[in-house]
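What follows is chain A paired twice: with chain B in the first complex and chain C in the second.
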Partner chain A sequence: MVLKQIIFLGSLIITNIAMAQNPEMAFIENGVYTPLYGRDSVQIKVDDFMLDIYPVTNEKYVDFVVKNPKWRKSEVKSIFADNHYLAKWKDDTHLDSEAQKYEPVTNISWFAAKAYCKCQGKRLPTLDEWEYAAMADKTLPDARKKESYNQYILGWYERPKVVHQQVGSTFKNFWGVYDLHGLVWEWTADFNSVMITSESRSGGQNNNLFCSAAAVGATDLMNYAAFMRYAFRSSVKGNYSINNLGFRCAQDIIK
Partner chain B sequence: MISYFTSRFYLKMCILVCLPAILLSSCINDQSSKTYEDAVDIPVNQEIAAELTSPPFVPRAVGKRKAKKLIVDMEIQERKGQMTDGVSYMYWTFNGTVPGSFIRTRVGDEIEFHLKNHPQNQLPHNIDLHAVNGPGGGAVSSLVAPGHETVFSFKVLNPGLYVYHCATAPVGMHIANGMYGLILVEPDGGLERVDKEFYVMQGDFYTKGDYGDPGLQPFDMKKAIEEDADYVVFNGHVGAMVGDNALQVNVGETIRLFVGNAGPNLVSSFHIIGEIMDKVYVEGGTLVNENVQTTLIPAGGAAIIELKINAPGEYLMVDHSIFRAFNKGALAQIEAKGEKNERVYKGKIQEGIYEPEGGAIQEMPISYKEVEASKPPEELTKEQRIGLGKNIYSNTCFACHQPEGQGIPGVFPPLAKADYLNADVNRAINIIMRGKSGEITVNGKNYNSVMSAQSIGNRDIANVLTYIYNSWENNGTEVTEEMVKKVREKK
Partner chain C sequence: MKFLKITVFLLLAVCVSCQDARKDNKDDKEDLKTDITSDIVGFSDLSIYNLPSHWTDQDGKEIQMQDLKGKVLAMVMIYTSCQAACPRLVADMRNIEKQIPHNLKSQVRYVFVSIDPKTDTPERLKEFSKENKMDDDKWIFLRGTEDDTREFAAVLAVNYKQISPIDFSHSNIISVFNKKGELAHQREGLGVDNEKTVFKILELAR
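After this line comes the complex of A and B, so read on.
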C-alpha cells in the first residue's frame, strides 16, 4: 500500500516537472515535416517533446509487472493482450535468460505499453512524433532523402527471424535517440490513425498514399520504407502481442 | 448418396407404375447433373480440405466432383533460399515455396481461406487472388500481422487459371520477393484428362549484386523500379527444373502445363524449344489457340498449354526474350523418354560445308593439311594468341559458357577453374573440333548436354583455347596449331 502511494506521488511529481534534464530521455526540438500520407502542401507541426533514448527493456518491464500484477501474463485480460503476450518470458515475473534483461521488451500489446508509460508519468509518442524523430540519421534531423539511410531501413525490414539484440546496439541519431530503426517495431499512441487499407492499392481516400508511392523520383525509397511501417501499423490491433514489436515512451514539455 | 438413393427410389416406382416411355422422359432426372446458368447458384454440399502442392506439381484434377466448400490453409514464411549456386536470397513465400502452393478448384466451389503469418516473420502480408470477384481480390479482408491468422471466404465463379499474390504495401516488393502462385478454377465436369500436368511460374528478381555475385543478395528497390532484372527464372531460382529436376515425361503422353508469370515487371514470351504447343488457353481464359510457337504471358497473367512430345530428348522451356534464358536463368527442361520416331525427327543426316560461291554443298575435306598449308605460316606469341582467342570466345563460346567462363549451372559446364578442362588439353581440343555429348563431371557437378562441333580452323582453336587456359584461374597452357593438328589427324 505504502509502496503504491509512493509510486503514485512520485508519478504526480514527475508529471509536474519539466523533464528536460531526465537522463533517460532526449529532447526533440519542434519542427514541421511532410508526412507520407500528406500532399506536399500538408505540413505537420510537431511541438517540443521528450523521447526515451532506448526502447523499454525486459528488465524494466519486469519491475512494472512486479508492481502491477494485473499486467502479468497469467492475469492480463485477453481483450488487452492476446496469448502471445510476453511469450518469451519464463513465467509471470522472470525472464528466460540473463541476456534478455537488456533486450527490448516485445510480445507486448498496445494497452500494456500505454499502461506502462502512464505509470512512469509518460505517454506513448504520437505517430507524428515518432516519425518526426525517426527521420534523423546520425548527423541530420531529416535524412530521408539519403539513399544509405533508406537502404539501411529497408534492409532491416527485409530480414525475418532477427535474433533480438540489446538496446543501444544500433545507431545514435541526431537527437541522441537509439534504435528507432533496426531493432524492433514500436507502438505509437495513435498507430491506426492513418490506415493504409489492407488493399494498399485502392483509390478513394487513400489516393494520396498510393500516388506518392507511384511517383518516380528521389523520394521513392523513402516512401517505400515509410510504407512498410504504415502497413505494419495497419495490420495490428491493440491487443496484438508480436515477437518483433516493442515500444518506448514520450513526454510533454511543460512550460 | 442421397441423390443416388432418391433416383433408385424413383426408378423402382417407375418400373412399378409407369410405362416404359414415361420412364425415359421423366426418370433420367438426376439432380446432380443439373446445370446452372449463374455459377453463383451452384450449391455446395460438403466441406473438404484442399490438396495443395508445391511446384512443379499440381493437385489431382477435380474430375466430375460437385462443388464443395474447400478449406485452403496457407502459411506465409519469410525464409532464406538458394537463387543459384553460391547465391542466396531472402524469399517471402506462400507455404515455403516460390511460387506458392498450387490451388485447384472448380466453378461453384466456396473457398474458406485461412492465411497465417508465421510469428517469426517481420512484416504483415495479405493475398489478392485474381480468381476472386470482390474488392482487392481478397486483399481487403486478408491483411495479417506476424503471429496471426485471418480467415475469409469467396465463391469461384469463372473458370480459368489465375495468379494470386501478396498486395501489401509496397506491393512490388512483396511480389519481387516471391509472394505469388496460381489458382486453377476448372469448369463443371473438369478439364479433359491428360497424362501429365505441371506447374511452372516465371518471376523476375532484383539483387544488389549482378547475376551470379556470390553471397546473400539483398533486394534492390532501385533496380526494381528501373525494371533492370538480374534474374529471370522459372519456379523461384535458376535451374529449378534442370538436370535431375527436369520435368519427366514419356514420348506420346499428353502434357498440360499451367504456366504463370508473376512479374513484377517483365512480360514473358513463353516458348518450348523443339515443340509446338498443340493448344494454348490464351491468358488462362476460355479462348483456345492452336499450333502456337510462342505465347505471350503478361505479368500477373497465366496460360494453360497442352502438348504432346513426339520425339525423345531434352526440350527447353524459355522466355524467348532470349538473353533472359541464357544469361538470367529463364530456362527449364522437359526430358522425354521413349522410342525414336524417325517419321517425326531423324536427327542429323549429314554434315557438309556451305559455300555460297560454289553453289553446292561439299563434303568436308578428309585432310586438313591442304587447308592449313594454303595459309601463310605465322608464328604467334602467347599474348597474341590470347588477344585473338578472346575475340573468338566472345563470338562463339560465350553465349553458353558465359562471359566469365562461369557456364550456366546444370546446363552448360563452367570453363573457369574447371578441373575437367585443365586435366586434358587434347580432350579439350577434340571437343571443340568434334563436339561432345553425354554425361561429364565438372568441378563435382554432372552435366548431360550437347555441345556441337565448332567449325573453326586449327589456328582459331589454338587461340581460343590459349585464351581460355590463361583466363579465370586456369592452368596457363599455351595451345599451338601443331597440337591441334595432331588431334585433327588422329581420327
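After this line comes the complex of A and C, so read on.
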C-alpha cells in the first residue's frame, strides 16, 4: 500500500516536472486591448497567462471521462450537457475512429469543458484572454488591422465542415499557439457576458433591458469576424453541445 | 526558483483536483448508492439541486440550492447598487408575491442572486432586504464566488458583464423552478405582464 502511494506520488512529480516546463502551454505576455464590446473605460488590461497550445483533443478527453465517470455521455446530467454531448463518439469511452483521437473534442458543453480544465489544475480562458491571444497572426501580436488576417478568419467561417482536422493543422501564431482560428470555435469562461441577443429577443424596447444599456456598444464594428464570435457566444447556453465548438484551457502565472 | 514554485503549485493542484477522479473510481459503488437515494428523494438530472456550489444568505448562513428543496422558487439575478433595471425587477418580485394567496404563500421562496458578490456582502444584502421590506423567510438573498455565480447564470441563461467599477449590464429574467428544482418558466424583460409567471407559481405550489 505504502509502496503504491510512493509510486503514485513519484509519477505525479514526474508529470508535474514535465508540466512545469509547460510543453503543452504557451506564455502569453500581458498587454492592453480594446474589446469589441467592453467596459466604458474602453481598454482592457490582460495579465500574463498560460494558454494551451492546442485545443483539447478527443484522446485527452477520453482519458478524462475514464477517470471521471460522471462526465461520460451515459452518465452526464442533462442540466450540464444536452443530448448532443460527445455525439460523435462510439460509446462512453471509445471513439468512432483512430483519426478522431487527434481531432479537437467537440459536442462538449461549457460545464464539461470547465470541469476538464479544473481537473488539470487549469481553467477556461476568459473571453478577454481568448480574444487577446487570438488577435495575433504568425508574426504580430495584434494583426487585426491586417486585411489578410480578417480575410483568413472570415474565409474559415464561410467554409463548411472543417471540424474533421487534427489539432495543429492551422497556423502557429505569434505566441506559439495553434488553431485559435481555422479549426473549431472555443468556449470561454465568461461566454455568457455577451449582451447582444437580449436586445433583439425583445424587439426594440432595449433601453429597458439592461442596467446602463447605453454604455454597451460595439467599439470596433469594423471587426466583423470578432462580431460573429460575440454573436455566437451570446446565442449559446452552458449545456449546449455543438459540433463545431471545442475548448482549450488556460492557467494563471504563479509569481 | 520560479519553476520550483510552479512545480509545487502544480503538484498541489493536480493532487487536489484529480483526487475527485480517483475517488470516483474507487467509490463507484457508493456513488451509485447516493444516486439511488437522490432518486428516492426525487430530483432529476435537470434539477438545480445538482449544483455543488455553496452560497451565503443575507443572515450569513451557508446554503446549497438543494436546501431549498420542496419549495417553488422564483429566482432573479441582480446587484444591489443597480439604479436602473434592478429596482424594477425587485418590484416585479414583490408584485408576484402579492398575488399568491395566503394558503400557498409558505410553498414559495423568492431568491435574489447577486451578480456582484464583491460588493454585495451578507451585510449589504441584509440591508437591501430591509430597505425593500423583504425581511421574512420568504425572501432569500444569496451571494457566492464569482465562479459559482457565473456558473449559476449559465444555468439560468442569464448573461451579465461588468461594464464599470460599479455597474453591470445583465439580462432581466425571472425564472420559476418547481419543487424538484427543475426550471418551469422564464419571463424576460421589464414591465412585462406577470400573469403567466403567477399562474405558473400557483400551479406548482398547489
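Note that the second predicted complex is superposed on the first by the 205 of 255 C-alpha atoms of A that agree within 3 Å, B and C clash if a C-alpha of one lies under 4 Å from a C-alpha of the other, contacts with A are read in each partner's own complex, and residues count from 1 in each chain.
By our rule, contacts are C-beta pairs under 8 Å (C-beta built on N, C-alpha and C of every residue); 3 or more make two chains touch, one makes a residue touch a chain.
Keep in mind that what you see is a predicted model, and the values were worked out from it rather than measured.
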As a test of reading the superposition: which chain, chain B or chain C, is in touch with more residues of chain A? C
First, second, both or neither for A:181, with chain B first and chain C second: neither
Quick one: classify A:60 as touching chain B (first), chain C (second), both or neither. neither
Applying the document's definition of touch, where does A:190 land relative to chain B and chain C: first, second, both, or neither? second
Examine A:84 and indicate which partner it touches, taking first as chain B and second as chain C; both and neither are also allowed. first
Would you check which partner chain A:248 touches, where first means chain B only, second means chain C only, and both and neither mean what they say? neither
May I ask you to decide whether A:164 touches chain B, chain C, both, or neither, giving the answer as first, second, both or neither? neither
Looking at the overlay, what does A:120 touch: chain B (first), chain C (second), both, or neither? second
Answer with first, second, both or neither: which of chain B and chain C does A:234 touch in the superposed model? both
Which parts of chain A are touched by chain B and by chain C alike? 198, 201-202, 209, 213, 216, 234
Complex contacts: residues of chain C adjacent to chain A: 2-3, 5-7, 9-11, 13-18, 20-22, 24-25, 28, 31, 44-48, 50-51, 82-86, 150-151, 153-155, 157-164, 167-172, 188-191
Chain B - residues contacting chain A, complex: 78-79, 90, 119-124, 126, 128, 135-136, 139-148, 167-171, 173, 177, 218-219, 221-222, 225
Quick check: in the complex, which residue numbers of chain A touch chain B? 84, 154-155, 157-162, 196-202, 209, 213, 216, 220-221, 223-224, 227-228, 230-232, 234-236, 240-244
Over in the complex, which chain A residues touch chain C? Could you list them? 12-13, 15-17, 19-21, 37-41, 67-70, 77-80, 110-111, 114, 118-121, 189-195, 198, 201-202, 205, 208-213, 215-216, 234, 237-239, 254
